[in-house]
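Shared between the two complexes below is chain A, which has chain B as its partner in the first and chain C in the second.
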Partner chain A sequence: MADIIIPVYVTINGTPFITGSVVVTWGIIVFLLVLSILTTRNMKMVPGVLQLFMELILAGVHWMVDSTMGSHRRSFAPYLLALALYLLVANLTGLVAIRQPTADLNTTFALAGITFFLVQVNGFRAKKLGYIKSFFQPIPFMAPMNFISELALPISLSFRLFGNMLGSMIIMLMLYSFMPILVPIIGHGFFDVFAGVIQMFIFVMLTMTFITLAMD
Partner chain B sequence: MEGGVITIDYSLLWQAFNMFIIYLLIRRYLYKPLSNFIKGRQETIENNLNTAAQEKEEAEKLRQKYEQSLMSAKQEAREILNNATKQSEEIISEGKREAKEQGEQIIEKAKKELELEKEKVFKELKDEIAFISVRIAERIIETKIDAAAQRQLVDRYLKEVKKVS
Partner chain C sequence: MFVLLRFIIDAGFDWLAQQDPMALLLAASALGAGAAMIAGIGPGVGQGYAAGKAAEAAGQNPKGVQQITFVMLLGQAVAETAGIFSLVVALIMLYANPLFQSPALGILLLASTVGAGVAMIGGIGAGVGQGYAAGKAVEATSYRSRLQGPIIRTMLLGQAVGQTTSIYALIIALILLYANPLL
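Now for the complex of A and B:
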């Protein structure tokens, strides 16, 4: 059974460097790579189950990009697909008794940091100086609040996912200690599958929305 | 060595790097091949549909052409038949007319010939009768009468013969 405390394997000056979340993420990298190669190795005009499933996910990402960002910003689709697949698998690792990497603030903060980076870079690229000016709108006095709201973005994004997944994990641990037989199935269904998929969707959706807001 | 639950440490850098790796791998091994494949399939299907529509149109044109040629062939056949009927009727009527004409001609000719023959016969008969009657008269009377009286006698007799005939 997974533990609340994250195992640490390598430290630098006493600070954790390689933790359980990192190792699980490596596993997920291998899993996604194998899945990708298996999917694209032998693609057919009439798709098999795996190809159909991945086509469905890709079509879903394309649909979300088209409807929230516009079809001219499909260049973001590969990252969003990677993010969606990673979050989906990471959130569902609880089903096989592995501690979710997304129940680790370092993981979620890293992902939210990438989103923050994408928002700032693309906002600046789309509007140049106008983007910097937008921080002093409507009046320059508002600048500090604009900066705070901008910084709140990665924090809210990361803590939302982290909190949801950690909470799910703790509730599942409690369920296992009180009623270890049959009852946890319902808990897994709700806290791992339902909450996991929903949180993945929210994270991807918000990433798209924030990038679009910064660019328009 | 154990970390806390809500702490930020160096593993954050690892996770950001891992996410970057996932992005590269997914883009290289899943996104590009799959979306290219889907695009290619879409194009193939569109092409097939277009080709099918074109072929259908061509088939329709061909069918119309055939139908038209069939119709014209039927029309031609009807015309030929009509012409043949008309011609045969003409030939028949012509034949009838000619036959009638010829028949009439033949009849006319026969009549004429008959008339001529009749006249000839009458003339011969007249001479013969004249001769015979003179001889008979000579025999009966045994007397010679003058030529003028004889002639008168024969003519009267001939008139009577003509009346009879």
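Now for the complex of A and C:
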């Protein structure tokens, strides 16, 4: 049962090569690419079902960016939309009996690393030396505390998503072994759909919030 | 009195020494996993407070229920983090306790396992505090639904700072399990 915590490896000639999460992520990338191409290939003034659905998601991300970061920071919307779509699909792969790539600390830590990088770079770009100075405020003595609380961001971000998805994956495994008929539907509804969508929201929301806080 | 205490402690260590060290480590894993989950108290109280505030807010401002629910769910999901950390540590102990591979065997491994579980209890504070922040944010949203953005931003910042102690607990637990300097 140890492979529940440790990610499954894809082996070539018996040697571990890449994790299963990477393979699933490739699948998600292809899926999202095909979806984007299909949506934007011939856009119409009066949209069809697919275009309407994607426009709804785009409008939702724009609304979130406007209300959290301010409408002058729309330039972050493409990355946030990509992040939201990836996390949404990745958290929902449990529905088709594939291990979620987000139930792997490597994936979530990489995503949290991107957020951390964005926060630092944009904070420095917006405030230049004032950003570095902000670590030594209110008094220079506080600098170590400020650094630690800055480093706590990627840790809490990655472990929150990882723990949630790992927990839901294990609970679903147990549900399937106890009561394989009908009951797992309720479990999927709560642990996969509800928890997955909420955690996607949290991750995107925190990314936006921390970038804004670093820039203001 | 001290002689009696000494006798009991000695008898205890003798009994421990007679047991199979592997069985003792398994027992310690079970105990540590159980102890880690005590931290679930914190998120429970905090999320309950936020839910109560949301019910109150929905009664005062029925038009803003959508915004209130959004803020409540967001705040509760953050308040749950300490409980999720405990779950991760408990699952590590149940399914993949790395101390089983340790060459050193004995009381130190047992203490490390149980200690990692006990450390996670520190998450109670973060859970209660973040839940309180979520509740207050819900209350503010019911008065000023239009200011949802700034309210959420401030709430998430405060909650992230409140998270720090539970992250310390998680780090200590993971150090005890994976990179124990005492072994």
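Here is the rule we use: the second predicted complex is superposed on the first by the 200 of 216 C-alpha atoms of A that agree within 3 Å, B and C clash if a C-alpha of one lies under 4 Å from a C-alpha of the other, contacts with A are read in each partner's own complex, and residues count from 1 in each chain.
The criterion applied here is as follows: a contact is a pair of C-beta atoms (placed from the backbone, for glycine too) under 8 Å apart; a residue touches a chain by one contact, two chains touch by 3 or more.
All figures in this text were calculated on a predicted structure; none of them were measured in a lab.
Asker: Look at where chain B and chain C land on chain A after superposing the complexes, then choose clash or fit.
Answerer: Superposition result for chain B and chain C: fit.
Asker: Of the two partners chain B and chain C, indicate the one touching more residues belonging to chain A.
Answerer: The partner with more contacted residues on chain A is B.
Asker: A:166 in the overlay: touching chain B, chain C, both, or neither? Say first, second, both or neither.
Answerer: In the superposition, A:166 touches chain B and chain C alike.
Asker: Give the angle at the C-alpha centre of chain A formed by the C-alpha centres of chain B and chain C in the superposed arrangement, rounded to the nearest 10 degrees.
Answerer: 130
Asker: Please give the nearest C-alpha separation between chain B and chain C in the three-chain superposition, to the whole Å.
Answerer: Superposed model gives a least chain B-chain C C-alpha distance of 7 Å.
Asker: Using the superposition on chain A as set up above, list the residues of chain A that contact both chain B and chain C.
Answerer: Shared contact residues on chain A (touching chain B in one complex, chain C in the other): 4-6, 166.
Asker: With touch defined as at the start, can you tell me which chain B residues reach chain A in the complex?
Answerer: 1-16, 18-23, 25-27, 29-35, 37-38, 41, 44
Asker: For the complex, give me every residue of chain A touching chain B.
Answerer: Contacts found on chain A: 4-8, 11-12, 15-19, 21-22, 25-26, 28-29, 32-33, 35-37, 39-40, 43, 45, 51, 54-55, 58-59, 62, 77-79, 81-83, 85-86, 101, 104-107, 109-111, 113-114, 166.
Asker: So in the complex, the part of chain A that touches chain C is made up of which residues?
Answerer: Interface residues on chain A, with respect to chain C: 1-2, 4-6, 67-68, 148-149, 152-153, 155-156, 159-160, 162-164, 166-167, 170, 198-199, 201-202, 205-206, 209-210, 212-213.
Asker: Chain A touches which residues of chain C in the complex?
Answerer: Residue positions touching the partner: 73-74, 77-78, 80-81, 84-85, 87-88, 91-92, 95-96, 148-149, 152-153, 156-157, 160-161, 163-164, 167, 170-171.
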